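Letters A, B, C and D mark the chains in the order given here, with residues in each chain numbered from 1 onward.
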Amino acid sequence: MIQFDHVTKRYPERGDALKDLSLRLTAGEMAFLTGHSGAGKSTLLKLIGLIERPTRGQVLVNGRNLGSLPRRLIPYHRREIGMIFQDHRLLPDRTVFDNVALPLVAAGMPRRDIARRVRAALDQVGLLRLERARPLALSSGEQQRVGIARAVVGRPPIILADEPTGNLDPDLSREIFTLFERFHEVGVSLLIATHNLELVEEMSYRTLRLHAGRLVADSGGW
Amino acid sequence: MIQFDHVTKRYPERGDALKDLSLRLTAGEMAFLTGHSGAGKSTLLKLIGLIERPTRGQVLVNGRNLGSLPRRLIPYHRREIGMIFQDHRLLPDRTVFDNVALPLVAAGMPRRDIARRVRAALDQVGLLRLERARPLALSSGEQQRVGIARAVVGRPPIILADEPTGNLDPDLSREIFTLFERFHEVGVSLLIATHNLELVEEMSYRTLRLHAGRLVADSGGW
Amino acid sequence: MTASRHRQRRGRRPPPPRSRPQRRRVGLLQGLRGWFEQHRETAHDTLAGLLARPLATGMTVAAIAIALALPAALYLLLTNLEQIGGEWERSAAVSLFLAPEVDEARAAEIAARLRQRADISTVELISRDQGLAEFRAYSGLGGALDQLGGNPLPVVLALYPSAQAQSPAALARLVAALEALPEGDFARLDAQWAQRFRAIVQLLRQAALLLGAMLSLAVLLVIGNTIRLEIENRRTEITIMDLVGATGAFVRRPFLYSGAWYGLLGGVLAWLLVALAGWLLQAPAARLAQLYQSELRIQGLDLQASALLLGGSALLGIVGSWIAVGRHLSQVEPS
Amino acid sequence: MTASRHRQRRGRRPPPPRSRPQRRRVGLLQGLRGWFEQHRETAHDTLAGLLARPLATGMTVAAIAIALALPAALYLLLTNLEQIGGEWERSAAVSLFLAPEVDEARAAEIAARLRQRADISTVELISRDQGLAEFRAYSGLGGALDQLGGNPLPVVLALYPSAQAQSPAALARLVAALEALPEGDFARLDAQWAQRFRAIVQLLRQAALLLGAMLSLAVLLVIGNTIRLEIENRRTEITIMDLVGATGAFVRRPFLYSGAWYGLLGGVLAWLLVALAGWLLQAPAARLAQLYQSELRIQGLDLQASALLLGGSALLGIVGSWIAVGRHLSQVEPS
């Protein structure tokens, strides 16, 4: 499903964020990505979502080589990935409903079908009562959950989560991780970058550990 | 130092974020603020920094009533408070150095003295090597630490931290909390909103717990 | 947090690996309906968005309107000046003094023949008596002429060149042709004023060309600038839409509609400004017309010019946004 | 992460409670130096910031420049038109036909006397012979006049009214005064062209006033709009500066400098555009001047007008930013 072949990502001014990294996640797999601040977790996720391109090496998603994906097909690639961003990335002047609906609207789904899907997603993160609010009027944890709802609303086969519980209390973090587990159960592939080692250990899924751009530990895989 | 007298903060569209809250922190005290997502932690800190005003009740800081502080004195009030924001609030088109220097520049400090202070603050959060980088080229944890450096660079008598370690790995989180402890040792008052209950318990300082806008537990104080 | 909705999804299996992403995940009919809905909604939402900030929108629209109104007003001014010019050049006649022996009946024949010429629009016959009266009035030499004991003046034909024959060269050719007539004595060109007027109009036209060029640039700059800043303002929005899988067309659409609305609103306001200006200039124009006993009226924008103004302004808005969006879209591509 | 720096701070005690925040935490001299440094730095940084985005800055500056250049060009056009007008009205002379018995010596005396009048600028004496020659040329009636066996024409004085006496009423008074002279026979006013010219100039002046009003509005709108959008773009920046304890003056400062730079750069470009326009119109103006044998030259902006243009544009920029910043600053106050 997701495969990295000797991938290096170099930021000209700052050196290598990822160094000669190879890994493979099978379809329907759920894995955690850990590592110190600046280890390269976000960079790895960005390469999968084609938000950045590797300096060297290849990234394959769903068997297709992202390096040779024509530009006009990038949006269709992104629609297959539900991404949760570390900085939420919500539109401040749209309501929670509109923010969550965005991927569906962008995909051209008729308004009628959208409402049902959006409400289902908001219900899953416990924010149904806030659908009319604007992001700036939400607490950070609430914003983070809106971001999660937006990532899952399109029912993508892949979910990438970048520190999805950084602003959530322990109980809520556990609920979100349980939610991810349920997605895993229905066959969605998940890669979750997190600092919440406690929950990671508790849930015992495959765990990848990055250190300064290198994969230094991999609890599963082959 | 910081005193809340029956403070209520109501957001017209959303109801009370804080309900009839009274508390008192003495000068030089260090305290944690916990509570579920949306409990009102950020709102409480915003009231101290005069980013919001209470709907009812009084907030006193340093013995002065914020409700009667003339508008033109608000900047001088804010200079006495080092605030770490949950969403970092960095200027994307300025370097890390310039971001950290901002409070000093705003206070009219000559450029020469600024450089020394800024480097000292960056050193404290381990980012001295990144002073020329721009926030967008930083990992979230690095951005968070820039925000911490900016809050402490002006050597304010009060530091308010809103989830300062949400994007940091456990080791770095511990280091940051140790840094706060050192500020506490030299007489700075600190109020730290956090979800990191593990570290809170470990450090055994006064802990205030909010639930739905009410103070439901207070481990210290009187 | 409930799982009730979630259960519906149980059992769904991930799609098999594909070498390219699917272009559509919704049915064709559904997709088409969505597409129309999106356009209608975007058109509506962008207009509502503009009207929700009346001050900001008003400022932008006013700037665009003024930039558009000025070339339109200039076009009107030139049209009207040419009309005045036409009236004015008409008074620049050629006087053909016929030979003394030609009588008035013969002169009328010559006049009829001359009227056939392409370079002559009107011929007026000034009889000997009329000429004497005019001469008397002109020179005040009534007494001296009376001593002549008769009318020594010839018949004169006042000729008004047609519109195509107004240039100095054409007039000179006309004068030569007239003097070559056997019945003609000599032709006098009352051309000084025509020349002066032509020089003035030329100066104005050159000034107008310069102004027109600058103003067209200003229109482009104002619209382009507005949309550019607008887009910079909404850069976050564009980036986020990009990240959730919006196509370039989808991202561009609201900006194109905004641009079209700005342009169209600016065009409408410009049309009103021009109409107002025309109305305000009606009085002095009428005064001018009186001096010519002519029917000169300031003409407003005709249907064609109005359509051009409105359509062109909307188009300018779209083009301006297109360029601006294009530049910014390329900035959120992966590097 | 080292604590070495930190140790210097050990032992610092928090300041005692105060009822108001201290206004200065740095010494006076240090503060003053900081203040000057800040201004110099802000002026430098804002200019550098503008020049770092040459395309965007260029577009804004060009829009401002065009908006500024048009009123300036209009001012020039009116100045020059008035000059032309002056030249032109000079050719609208009054011809005073003296009584037949007045000879040329006497006529010269009268001319000298008339030159004293305030409403007359020039007097030209047209002798009998000159008159005859002119008459011959005008009417082509040489033969007829020769039959008279003598020159029946009187001496004529061509009078050019002074600048203050150009109005129809003043001219009518002048004519009446001249006809009242015992030596005068009658006076003829060659006034039709003067009237027409005045009507045209009036039309243009009214059009110019309208254009001027619209253009001044356009200047304000373009600058205001640009700074407004600029500030909306930097709203995050303003909010953050506010949050770290920047005063209103500090937050406003870079915008005011930006505004001043935009205005000033726009003013300089406008000055160049006007100079260019003047230069391009030199040729047709010279052609026009030739027709009058006059010294008419298109005049550029003089020192005073230039200073007004540059100073005014910088000021407009500052005022525009001030208003825009003021509106936005109030939005980040606590509620």
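We adopt the following convention: a residue touches a chain if its C-beta (ideal position, glycine included) is under 8 Å from a C-beta of that chain, and two chains touch if they have at least 3 such contacts.
Quick caveat: nothing in here was measured; it's all calculated off a predicted structure.
Listing every chain that touches chain A and chain C alike gives an empty result. Farthest chain from chain B (centres taken as the mean of C-alpha atoms): C.
Taking each chain's centre as the mean of its C-alpha atoms, chain A lies 29 Å from chain B. Distance between chain centres (mean CA atoms), chain A to chain D: 62 Å.
Inter-chain centre distance (chain C to chain D, centres taken as mean C-alpha positions): 26 Å.
Multi-chain contact residues of chain C (touching two or more other chains) are absent. Multi-chain contact residues of chain B (touching two or more other chains): none found. A ring topology is adopted by the chain contact network, closed into one cycle in which each chain touches exactly two others.
The list of touching chain pairs reads A-B, A-C, B-D, C-D. Residues 1, 27-28, 49-53, 62-64, 69, 71-80, 83, 85, 89-92, 102-103, 105-111, 113, 120, 123-126, 150, 154-155, 157, 175, 179, 182, 185-189 of chain B are the ones touching chain D in the complex. Contacts from chain B toward chain A in the complex involve residues 11, 13-14, 34-39, 41-42, 86-87, 133, 137-142, 145, 162-163, 166-173, 195, 197-198.
Within the complex formed with chain A, the residues of chain C that make contact are 1-6, 9-15, 17-23, 25-26, 30-31, 33-35, 37-38, 41, 236-237, 239-248, 250, 333-335.
Residues 56, 59-60, 62-63, 66-67, 69-70, 73, 77, 84, 88, 97, 100, 135, 138-141, 143-144, 147-148, 152-153, 185-186, 188, 192-193, 195-196, 199-200, 202-203, 206-207, 210-211, 214-215, 217-218, 221-222, 224-226, 228-230, 232-233, 273, 277, 280-281, 284-285, 287-288, 291-292 of chain D are the ones touching chain C in the complex.
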